[in-house]
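In the two assemblies presented below, chain A is common to both, partnered first by chain B and then by chain C.
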Partner chain A sequence: MARLSPEVTALDTMPNSAATPGPTTLGEPTIDWDLSIRPVRELNQFLHDLAHNARPEMPHVRILHPNGRHNLAVGLQVPANIEILGHAGYFIAGMNQAAHITVDGNVGWSVAENMMSGIVRVKGCASECAGASAHGGLLVIEGDASSRCGISLKGGQIVVGGSVGHLSAFMAQAGTMVVCGDAGAALGDSLYEAVIYVRGSIHSLGADAREEPMQTDDLKTVADLLQRAAISADPQTFRRVASARQLYHWHAEAQY
Partner chain B sequence: MANEESSSFNRHVMDYIHRASETGLYDIRGLGAKRNLPTFDDLVFLTASASRYPLEGYREKCVTTTLLGTRFAKKPLELQIPITIAGMSFGSLSANVKDAVGRAATACGTSTTTGDGGMTREERKSSQTLVYQCLPSRYGFNPDDLRQADAIELVIGQGAKPGGGGMLLGQKVNARVAKMRTLPEGIDQRSACRHPDWVGPDDLTIKLQELREITDWQVPIYIKMGATRVKDDVKLAVKAGADVVVIDGMQGGTAATQQVFIEHAGIPTLAALPLAVEALEEMDVFGEVQLIISGGIRSGADVAKALALGADAVAVGQGTLMALGCNRETWLGPDGPHDARADYEKLGTAPGFCHHCHTGQCPVGITTQDPVLETRLNPEEGARRLRNYLQVLTMELTTLARACGKSNVHHLEREDLVALTIEAAAMARVPLAGTDWIPGHRHF
Partner chain C sequence: MCGIVGLLVKKPELRRELGAWVSPMLDCMGSRGPDSAGLAVFAEAPSTDLLRYSLYDILAQDVWPTVLERWNANVDAAATLAAHGQQATLFSTTPSALGKDWLSNYFPHLHCFSVGHVIDLYKDIGHPRELIKKYRFAELAGTHAVGHTRMATESAVSPAHAHPFTSGEDFCLVHNGSLSNPHSIRRKLERRGIRFETDNDTEAACRFLEWRMSEGDSLEAAIHRGFAELDGFYTLLIGTATELVLVRDAFACKPAVAAETDDYVAISSEFQSLAHLPGIQQARVFEPAPEQIYRWHV
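Coming up: the complex of A and B.
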């Protein structure tokens, strides 16, 4: 049987050919990485190695021709500035720590899953499970996000410029999700302590989720997140969804 | 007939119905299936005689070294014995227990495994080889711990509750457990039954690649599954790119789940193992993708039979807890043994019958987060007992291997076994003793 071995070994030095110096912004060196020439394995290894090569400036890497490839810029642990110029596949920016990653296009499933810190911005739309289990950081989806956005959220913050699909924020434990459009069915099913703000319609609430009145702190939270996400909307137009906390302990009536 | 007990509605069944009608709640408990199932006890070895010659039991070398993760990982695991410690969570177990398990495993040259709830500093420190579980709940899962793991085990399910998520009742969710899991203290915690970021086998392939990319293809990745549709599941795991497949039979334990799950879901370990081997053989990766079997492994004989049927290693969970003192009458303090029977009685049980891990009131200080009860398990003493147990399992294993004429425990083979019952013969795909009949497979 054919072995799915990694395509190349780790890079010890600055890549050449596909990774060429590009235009400089604010004095930081820009590196262009062309995925039509060099593979994902090499890219990730190069980005991981940034953690071992201290630099005075935040590295700026532009990833060209992503063409829907999966697992780009996963497991980063330094405050690098990464731009993915085009549509990308699954698990983009997975488990991100500290890096600022922008996708100038759409993404597949599970963008920024288990993110710990940093900022991930998708200028297009995201498929399912965006921000799944994110423990920290900020995920911005400027377009729509599909189903299960913010599932199992553990402290991360998500701002969606458009709408989210069904079962979004399912079992979300902590953190905040701001939805500027509509929410699909079963929003916030089995919520713990995460809080959801929705501006548009809510198709239906999931088990143990309930709508609550907006308080001053809620308005401030929404305003702050919208500002950080650079998305314009009036915080007064949002509604708050949180856990009714009726499923926190087992009892005979908890039969959803 | 006046005093005849009904087979269908016996006292156990009546108790169940009375309790259900009284409370409106189903039973939740710990440990594994208690019903009578076909097991490795139903197999025996055809040790050497005139047609085979044995190795001398005490002196001749019998290799137990076990390699796991040779398919893709740059750093496969090399264990000294084919007996690993199954994943058990901090939360269900105390930090002292995780420490003790790590010490014993390290002394025996084998691996321990984290569980639902993340990696504790105690187990990382005490375990030379630590397998880090990636579970559906993702409690405490983070890239820093991922990078310091020696292997990753992506858990799809477990034998005690395949298709079900975990439970940790509020009495065990103390401040530390709650913080590690990002949950409010004291709630009855539910772990998700499916992963948050992938759903089907095609997604799983990409998920595995993500974990490999994050860890730079250094460490092996296992996929663990409860034993249900074993053949299909193993094939999908192989296709997804697993280095190691772990199959957990229905006798596998848990810290807490519904009784109906424990007794009525999944298939016995004995039936699961040959199916997994068959799947690997059909995929032409037997030996390339390693197989770990778990679920009710108790003795060196069980280990030997598992290896003979095609496993590369076993994982032991409940046996580990019992070695530490689970269900013993006493716990050992600095001043000697203390009687724990009154504490068992408070739980409505007795030593030998207890499965009250879910209550957090473990009389011997193992499955608890209670700061007082926790002290009943001294990590050093626990490590000593577990080390002894692992040593006995290994000695029993090599005893049988040598008697079969094998200088390496991995040379044990299916041909070395026969079955004592028709059921075991059919499940294990070995002949019924005294015949060449394998029901359902040969000489129908």
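Coming up: the complex of A and C.
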């Protein structure tokens, strides 16, 4: 069995038995990291160090007792499977590169902010600024996302199973956001080239955001993202919101 | 920053746990507000008409025997006083306006942090952890509590500037955020004879809402007036004799999370300060929406 340290033990048993040594399954072992025993900083260092250990299969790390702690699994640059078992705090999976990170619970502010690649999945709801400034990768929020979801998006893709709060996709520059529920006030305010698809109601569009007809490419994009997000919805029921590009150039009579 | 916490215990048999449950919430939010803190605790409705005056002695000169002696001689012969170091609770039937006037005239170095039939209020400078020990918060019982951890940004760090702020009787408020028009609100209220104890922005919000209610508004109507007149960022948690009330401004950029079970409603700036509560894994956890009024009744 892979024993990393007295407290970090490879297990294939239930999460709450983290302190108990146990046998591993075939292939890459599952590593349980109990945050009630070892702190966040050591966890992140451990996850960063995974990159230096050449492995034939993706490492699988389960993070136990997150208890709303911040900054879990931040700055990873390694293709690893990370599961956070419970509610987590702010900046979860920030700057993620390559890792697949799943949160079995809710997250606080700024999950997957500045993500570069990989997949981050939140099975519960996310607070503000989910996926802020993400350059790449896929962020899936199965529940609702709060205000400012996808703010300043720079190329990442976001799929929200529920609704998003006000000022979502504010100044989003590139990338795609799919919202299966409703969108709050001022959706896509000052939007650049990111595109938003919304299935439910839109409380209001922000400055320079406008609804546009769905084309074949849009249907394909939505279908593809829903499939990757493993969320079931009919692409035909979505509406497209994109920039009217009237804010690109200043003019004195602007009504915004 | 700053942190807010609130807890309302639904079942009477669990009210003795109030202090034990809310203390770790306050301690955890020390990360958002390490310079001072405060906690208001609401007791079950008493059968007497005694008012509780929560007092604080800035000079720490063991003034309490003198205060009680002179209060008994000049104000209310039947009053009693329970002292705990710099903090004391004075029990008297004397109307609050009269009692507060008398105190400020004869003991100007005393703060009267709160008056009411059910509210006790503790606030002081230092890390919340120190206050929890100093005032034995874990031993406090009651129906609900409102707490705050402060990282001062706009006025001095002192016991009086710490939250909760109070106005009138059995009414307190904590605030995470900042107001940009507290001075104009203050001038407006001062012209109506309302007195302020500090130059803190939150005190303006507290006195504004209590003023509206004293003018006949319901709490809900007062808060709607607040949405129109309070300019700035805020998550406000309000305690009255019978309710916890939570509101966030339209931008909602100051955090709040609520967790509800059959046993309690708990509110905090961050989920991590709720993680120790019993049954939290099964609680309904949600983020309060902007400009919605959330009310929980005892």
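Note that the second predicted complex is superposed on the first by the 229 of 256 C-alpha atoms of A that agree within 3 Å, B and C clash if a C-alpha of one lies under 4 Å from a C-alpha of the other, contacts with A are read in each partner's own complex, and residues count from 1 in each chain.
Going forward, a contact is a pair of C-beta atoms (placed from the backbone, for glycine too) under 8 Å apart; a residue touches a chain by one contact, two chains touch by 3 or more.
No experiment lies behind these values; they were computed from the predicted model shown.
Greater residue coverage of chain A by touch, when chain B is weighed against chain C, goes to B.
By the touch criterion defined above, A:G94 reaches chain B but does not reach chain C. In the superposition on chain A, contact is made by A:S133 with chain B only, not with chain C. In the superposition on chain A, A:H70 makes contact with both chain B and chain C. Look at A:W109: by the touch rule set out above, it reaches both chain B and chain C.
Judged by the touch definition given at the top, the superposed model places A:T30 against neither chain B nor chain C. Of the two partner chains, neither chain B nor chain C is touched by A:S117. In the superposition on chain A, the residues of chain A contacted by chain B and by chain C overlap at 70, 89-90, 109. Looking at the complex, you find that chain B touches chain A at residues 23-25, 28, 71-72, 137-138, 141-143, 146-147, 169-170, 181-184, 187-188, 190, 192, 196-198, 203, 206-207, 209-210, 212-217, 241, 283-285, 288. By the touch criterion stated above, chain A contacts chain C in their complex at residues 67-70, 86-87, 89-90, 106, 108-109, 125, 127-128, 146-147, 165-166. For chain C in complex with chain A, the touching residues are 251-253, 255, 257, 270-276, 281, 285-287, 289-290.
Across the interface of their complex, chain B is touched by residues 1, 3-6, 10, 40-41, 44-45, 48, 70-71, 74-75, 77, 89-91, 94-95, 97, 109-110, 113-114, 116, 129, 132-133, 135, 148, 151-152, 154-155, 170-171, 173-174, 190, 192-193, 247-252 of chain A.
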